[in-house]
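Should a chain be cited, it is by its letter among A, B, C, D, E and F, assigned in written order, with residues numbered from 1 in that chain.
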Amino acid sequence: MHTIDDLIQLALQEDIGPGDITTDNLVAPHTQGKGVIVAKQDLVVAGLQVAEKVFTALAPRIDFEALCADGDQLLAGSTVVEIEAGLGALLKGERTALNFLQRLSGIATQARAFVGEVAGTSVRLVDTRKTTPGWRVLEKYAVRIGGAHNHRMGLYDGVLIKDNHIAVSGGIANAVKTVRQQISHLVKVEVEAATFEEVKAAMAADADVIMLDNMDLEQIRRAVRMIDKKALVEVSGNVTRQRLKTLAQTGVDLISIGALTHSAVAVDMSMRIEMI
Amino acid sequence: MHTIDDLIQLALQEDIGPGDITTDNLVAPHTQGKGVIVAKQDLVVAGLQVAEKVFTALAPRIDFEALCADGDQLLAGSTVVEIEAGLGALLKGERTALNFLQRLSGIATQARAFVGEVAGTSVRLVDTRKTTPGWRVLEKYAVRIGGAHNHRMGLYDGVLIKDNHIAVSGGIANAVKTVRQQISHLVKVEVEAATFEEVKAAMAADADVIMLDNMDLEQIRRAVRMIDKKALVEVSGNVTRQRLKTLAQTGVDLISIGALTHSAVAVDMSMRIEMI
Amino acid sequence: MHTIDDLIQLALQEDIGPGDITTDNLVAPHTQGKGVIVAKQDLVVAGLQVAEKVFTALAPRIDFEALCADGDQLLAGSTVVEIEAGLGALLKGERTALNFLQRLSGIATQARAFVGEVAGTSVRLVDTRKTTPGWRVLEKYAVRIGGAHNHRMGLYDGVLIKDNHIAVSGGIANAVKTVRQQISHLVKVEVEAATFEEVKAAMAADADVIMLDNMDLEQIRRAVRMIDKKALVEVSGNVTRQRLKTLAQTGVDLISIGALTHSAVAVDMSMRIEMI
Amino acid sequence: MHTIDDLIQLALQEDIGPGDITTDNLVAPHTQGKGVIVAKQDLVVAGLQVAEKVFTALAPRIDFEALCADGDQLLAGSTVVEIEAGLGALLKGERTALNFLQRLSGIATQARAFVGEVAGTSVRLVDTRKTTPGWRVLEKYAVRIGGAHNHRMGLYDGVLIKDNHIAVSGGIANAVKTVRQQISHLVKVEVEAATFEEVKAAMAADADVIMLDNMDLEQIRRAVRMIDKKALVEVSGNVTRQRLKTLAQTGVDLISIGALTHSAVAVDMSMRIEMI
Amino acid sequence: MHTIDDLIQLALQEDIGPGDITTDNLVAPHTQGKGVIVAKQDLVVAGLQVAEKVFTALAPRIDFEALCADGDQLLAGSTVVEIEAGLGALLKGERTALNFLQRLSGIATQARAFVGEVAGTSVRLVDTRKTTPGWRVLEKYAVRIGGAHNHRMGLYDGVLIKDNHIAVSGGIANAVKTVRQQISHLVKVEVEAATFEEVKAAMAADADVIMLDNMDLEQIRRAVRMIDKKALVEVSGNVTRQRLKTLAQTGVDLISIGALTHSAVAVDMSMRIEMI
Amino acid sequence: MHTIDDLIQLALQEDIGPGDITTDNLVAPHTQGKGVIVAKQDLVVAGLQVAEKVFTALAPRIDFEALCADGDQLLAGSTVVEIEAGLGALLKGERTALNFLQRLSGIATQARAFVGEVAGTSVRLVDTRKTTPGWRVLEKYAVRIGGAHNHRMGLYDGVLIKDNHIAVSGGIANAVKTVRQQISHLVKVEVEAATFEEVKAAMAADADVIMLDNMDLEQIRRAVRMIDKKALVEVSGNVTRQRLKTLAQTGVDLISIGALTHSAVAVDMSMRIEMI
């Protein structure tokens, strides 16, 4: 929350800097305007509150009326939001508000499509830490809005023991035991396993979650049988939209997908401004 | 520059927060490590200094050795950089550094491809303000590294008079005159024109640059002839990679492309970490 | 980590403000000094790195030599640390460094004593969110140094469903199900239960942890039997040092104690400064 | 004032971070609630405005109705304040608001008791710089609310010449003269004296205040006679509640007590939340 | 804009710090007052919005009624603004608000006088980067209010190629070409020329603006003839009010004057405060 | 101290913003340079450390060699400082460093001249709060360097009871008593007096300092006799350099002069840069 306000300030500062030399010199301070944001393609909307914050940062008393809610599926041509505010604030905030809204809606739209691929299964599609720096909380929010799920928010709210951690700890058993001793009882421990031996070690250490790293389908199926519901099973690594259904059918609990954030692109929206 | 350091702080803060509960509890403070960043696809690299700043923010005295320079075209498999630092700092900074490097290199790589489409012409491909909020300076840098050019940095360093500005100013002539009176003599004035009449008015007002808004090819060619080098000519609006060559051949000076930033995706890189 | 640096800046700013008008006017800039911090009572030391950061913020190149490590049990009279630095930096940083060190060591010292009460049992003594505002990460660190454990760091890294949450969600079952759907699979869910009926509902909802709220010893024992290792059991509410042993013997897994932080007081330390 | 807002931001940030994952997922945005803060022991209340700021930072338009004023002596069971606000804001702000209120009221309560020990004398009990880092202004405020007085706020608004300052200045006379030449005429000069010779030197230098450092009762009485109202007299060092009355009767003007802040503990308060 | 708010915070912080110990201890919180700011000399007013922001930062709901607008020429004795607010806020904000208003109006007043010297010519008087650090945007605003013009805002929104730049680039031609390749097409290039040869080189390089550095009148006239409207001509260096008219008559387009900002002094204003 | 670093960041940010588009595009990163700052008029130098901090903020490892010390009287033509650093850092920092140095030296130079007017008397010339917002600590430092003295630093480190304070407190006696009860014993109380009656009341209230507000010479002399060394006497209001000597001879202790800061102008300095 705090970081979102900081990011909005950064965004307005980098765009407006010492002043919008076109608008400040041409638009009289009290001229009022109306802006209408429209979807130019089918999309799942996300980020309405961020867009509102952008305009509020420029003009505390605006009238921002959303015609839909985050998570709504809109058809091309739909009106997203109507804003009444000073014309100057509309012209200065337009680009920044759209930049937020288009990227977040882009992520939600793609997530919705990915989730559709595994409809009917109980698998969770989860994001990763491959988010745009500065945007972690926002992008993870958009992922949820699209119907996918979040992996840990960062390095602080979940344990993921990887190969380097194992190496310096003298094995999986020791690593899990050491870290559990120091962390809150509300935080689970996940262990990365590249071989069946490591899967067994993770189970012996009573890991809460086991991540199968770059295994092929056959290996995954065998690991799922080995683990046998004693821990949650996550698959990770080069997951594409095409492979989702097949992976889901292996019986894993979680599929983590970097592309949910790192390969999402902005959806098309525009804002029409009129004087009133 | 200031904003880049702020963004890096935001990024590390959102990822690490109150602490990396895996690494802090398993890796002894003085364990040293080596990280090697490798390109997993052909790409144009951009953002090496940002990656270095990420690690320096975590461990002031690191050894960061780049094996290439921003702008270099790398083949898949190439080593990008080798870093010697505390193992803890490597594990904590890895994801954030890659998140920066992959996105910036993604922009540079795409820009290089776009520029290739108009090789042999004198047209400039320029970016827009459709950048990721918080990333303006970085993304515009990556665009230049890719060989394309920058439009104005923000609302403060170039005048772009659009339809709403014209409406409130009583016409193009008045708008240009009013704004010129207030701005520095080092800043040029660009006017958006959707009709030939507006093109004429912009020429009469002695605009430095005229932006042809959503004209078709025939209209663009006619506008270029009308303007006849008296002003720079920019085309804008729904420019795709496919149309670049044809647009360039109309004789316009500048083609602005939102996709240079808003539709770029991360290129694939990874970091291998070893203890030393 | 970020917040610790912020807090140190706040602390130095509130103490020095526009300048130390005694020292700045009497001590020549290049006069060197040596400071020796001494324990004036038996204590468990915590916060050495924070003390070092205080002096480093005032004089980047100091020589800070700790003669013990966080967690060490010191006898009254022991030397804690020796610092060589500009005399001015020593005089300006002394009070702030001691204020940090004395409070954090006070928490660690008290935690060590509390933990001693339950030696030989497997119960975890855990802290709460009753920490000094601005000091959350530091105080939770001192608790660990003293040998006790941390509950969740804040509202973001663990779920604790209380009476109000249950009321608005239509019961425990619904609350647990709703929240699990939105959170990371690495975060556990704890439910507060004041009656045996609520304990049963929490078990039915598959809560990871059940907090027994203000139950008497007999009720706690019965609840422990009911839960029968299907979930972790935490007791909470008005826990005093005197009751720790008895509570531990009921078989609960966790005892949470606000006093670990909100009732800790500073231990006695002083700093002797000499010119060199 | 500025630092208080910073500290509140730090406090909310460290507790809520990227989001309250229990409340955000269970409480609908527009659910309203009422919170009632109650004293669980006899106490002197301090910090009502800080508590209000905490909730206002989370929900700008709340109804915060204090049923008492800072400095009021409350009996156990008294209602301190009633707050109507969004249920979410109440649940998120509860702990932080109480953490502020309980510590500040704890300081005021203890100060009131200390002041009671010297009732009927004209001595001032004054605090020290042994405050919780980040809390200087708040804790000194609570000391005043409790009826004790403030020593200097920091190193910038009062001169206190200690042994090291004297040593580098070639004696008390020189130190006082040098510093007076540089400081505002509105700031007084206090000199620390451990011997009668130093007391004499401080008087000869026309010090405004003389601090008797670690003298016994007999020495203090003699020093008071020597100084004979020519300067204010402060005693300092290991002052306990038990010694206050005796010290006051020596005729000193000021007794400084680190324990007023460094050994105060939180008083007991709780907040009951209901839906409305 | 962002920097103005930061500067106001800095200003209030440096003046009020931990509290106005006179007003906070004597004025009851709800006492209302009225402040009237009066011009004590003839002046051009500038900075009304900044003054309003100062009071708003202290008391969000004030009534600030300006009786004139920035740019108005006021006679001594005129009322500038009337403010109704808490008496405490008026007393705390008075000095800071006046400090801003008096300096900015001082700059506007002086600029108006300078511009008067070249009335009837088409020359532009432009400011420089010799502004008070932290005040760039404000002082450049006051210059415009006074009727003079702005040179570039900083190093980022205009190119000015000086002797050192030329030396490292292998001559003017190369320098201009290199920089143009990297910058936005909306930014002009100015070249400093100390000799006629350099003037010719700048023209050959198609510089947009040529700055004549420390040339005498005769040289300036000759350079103007050489350049013959192919580029804008600026003169710079030790320009005094006395020389303005003569310089303007040489036919140059721009005269840059450091004294517009670095030698402006505060005009006299005062604020009368009454209780209401 | 903290605010000085903030102000330097503001200053560099406002000048460089997203980049120095001339230097960044023309000067290779590793080109070294040497800068020599020279006095272009007789002056008293002040601000050398601030100038050094400017360059250090741009290039941590520079060689900054001052050839004089703050407070030195320099003749026109003297070298002030020599700096070896990256050529880019020199070109970017030059203007900001000079802007600081010229203004601070301007204040010191003027203060030295003012102090010369009262040579041989024991009066203190003191500054006021009429400083450039954001520059309080720096400008008060320059005043001291010039040999004048500081009044209180802000509203927090000295009490000055003015007419409005007296009005709301029911008279001078009450105001002084009330405020003394709340403030530290190290802070003095000054009372503004416009009539002899007020002077008497201030004396009766045992004010430490009495400020004679806008009295004529005869009245001042009489007030000095009345006060008879029982309190310090300050005169204030429209003090010009011409009146200083006469005022000093009335026997007052302090003359406060807003012009020391609000009417100081920059002295002339320049920086010559060479490649090395």
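Please note the rule applied: contacts are C-beta pairs under 8 Å (C-beta built on N, C-alpha and C of every residue); 3 or more make two chains touch, one makes a residue touch a chain.
No experiment lies behind these values; they were computed from the predicted model shown.
Where touching is counted per the definition, the chains common to subunit C and subunit F are A, B, D, E. Note: the chain lying farthest from subunit F is A, by mean C-alpha position. Taking shared numbers over all numbers used, the subunit C to subunit D interface scores over half, which places it in the same class.
Note: the chain lying farthest from subunit E is C, by mean C-alpha position. For the pair subunit B and subunit E, the distance between C-alpha centroids works out to 32 Å. One inter-chain figure worth recording: subunit A and subunit D are separated by 45 Å, centre to centre, where each centre is the mean of the chain's CA atoms.
Between subunit A and subunit F the centroid-to-centroid distance comes to 52 Å (mean Cα coordinates, whole Å).
Those residues of subunit F in touch with two or more other chains are numbered 3, 13-14, 16-19, 136-137, 153-154, 156-160, 182-183, 187. Taken as a contact graph, the chains are fully connected, with every chain touching every other chain. Those residues of subunit C whose C-beta lies close enough to touch subunit B in the complex are 1-3, 136-137, 153-154. Of all residues in subunit A, those touching subunit E in their complex are 9, 12-13, 16, 18-19. Listing the residues of subunit B that touch subunit A in their complex gives 3, 6-8, 10-11, 13-23, 25-28, 31, 33, 87, 91-92, 95-96, 98-100, 102-103, 129-137, 153-162, 164-165, 167-169, 175, 178-179, 182-183, 187, 262-266, 273, 275. Taken in their complex, subunit C has these residues touching subunit A: 124, 126, 144, 149-153, 156-160, 182-188, 190, 208-209, 232, 234, 253-254. The touching residues of subunit C, counted against subunit E in their complex, run 14, 17-18.
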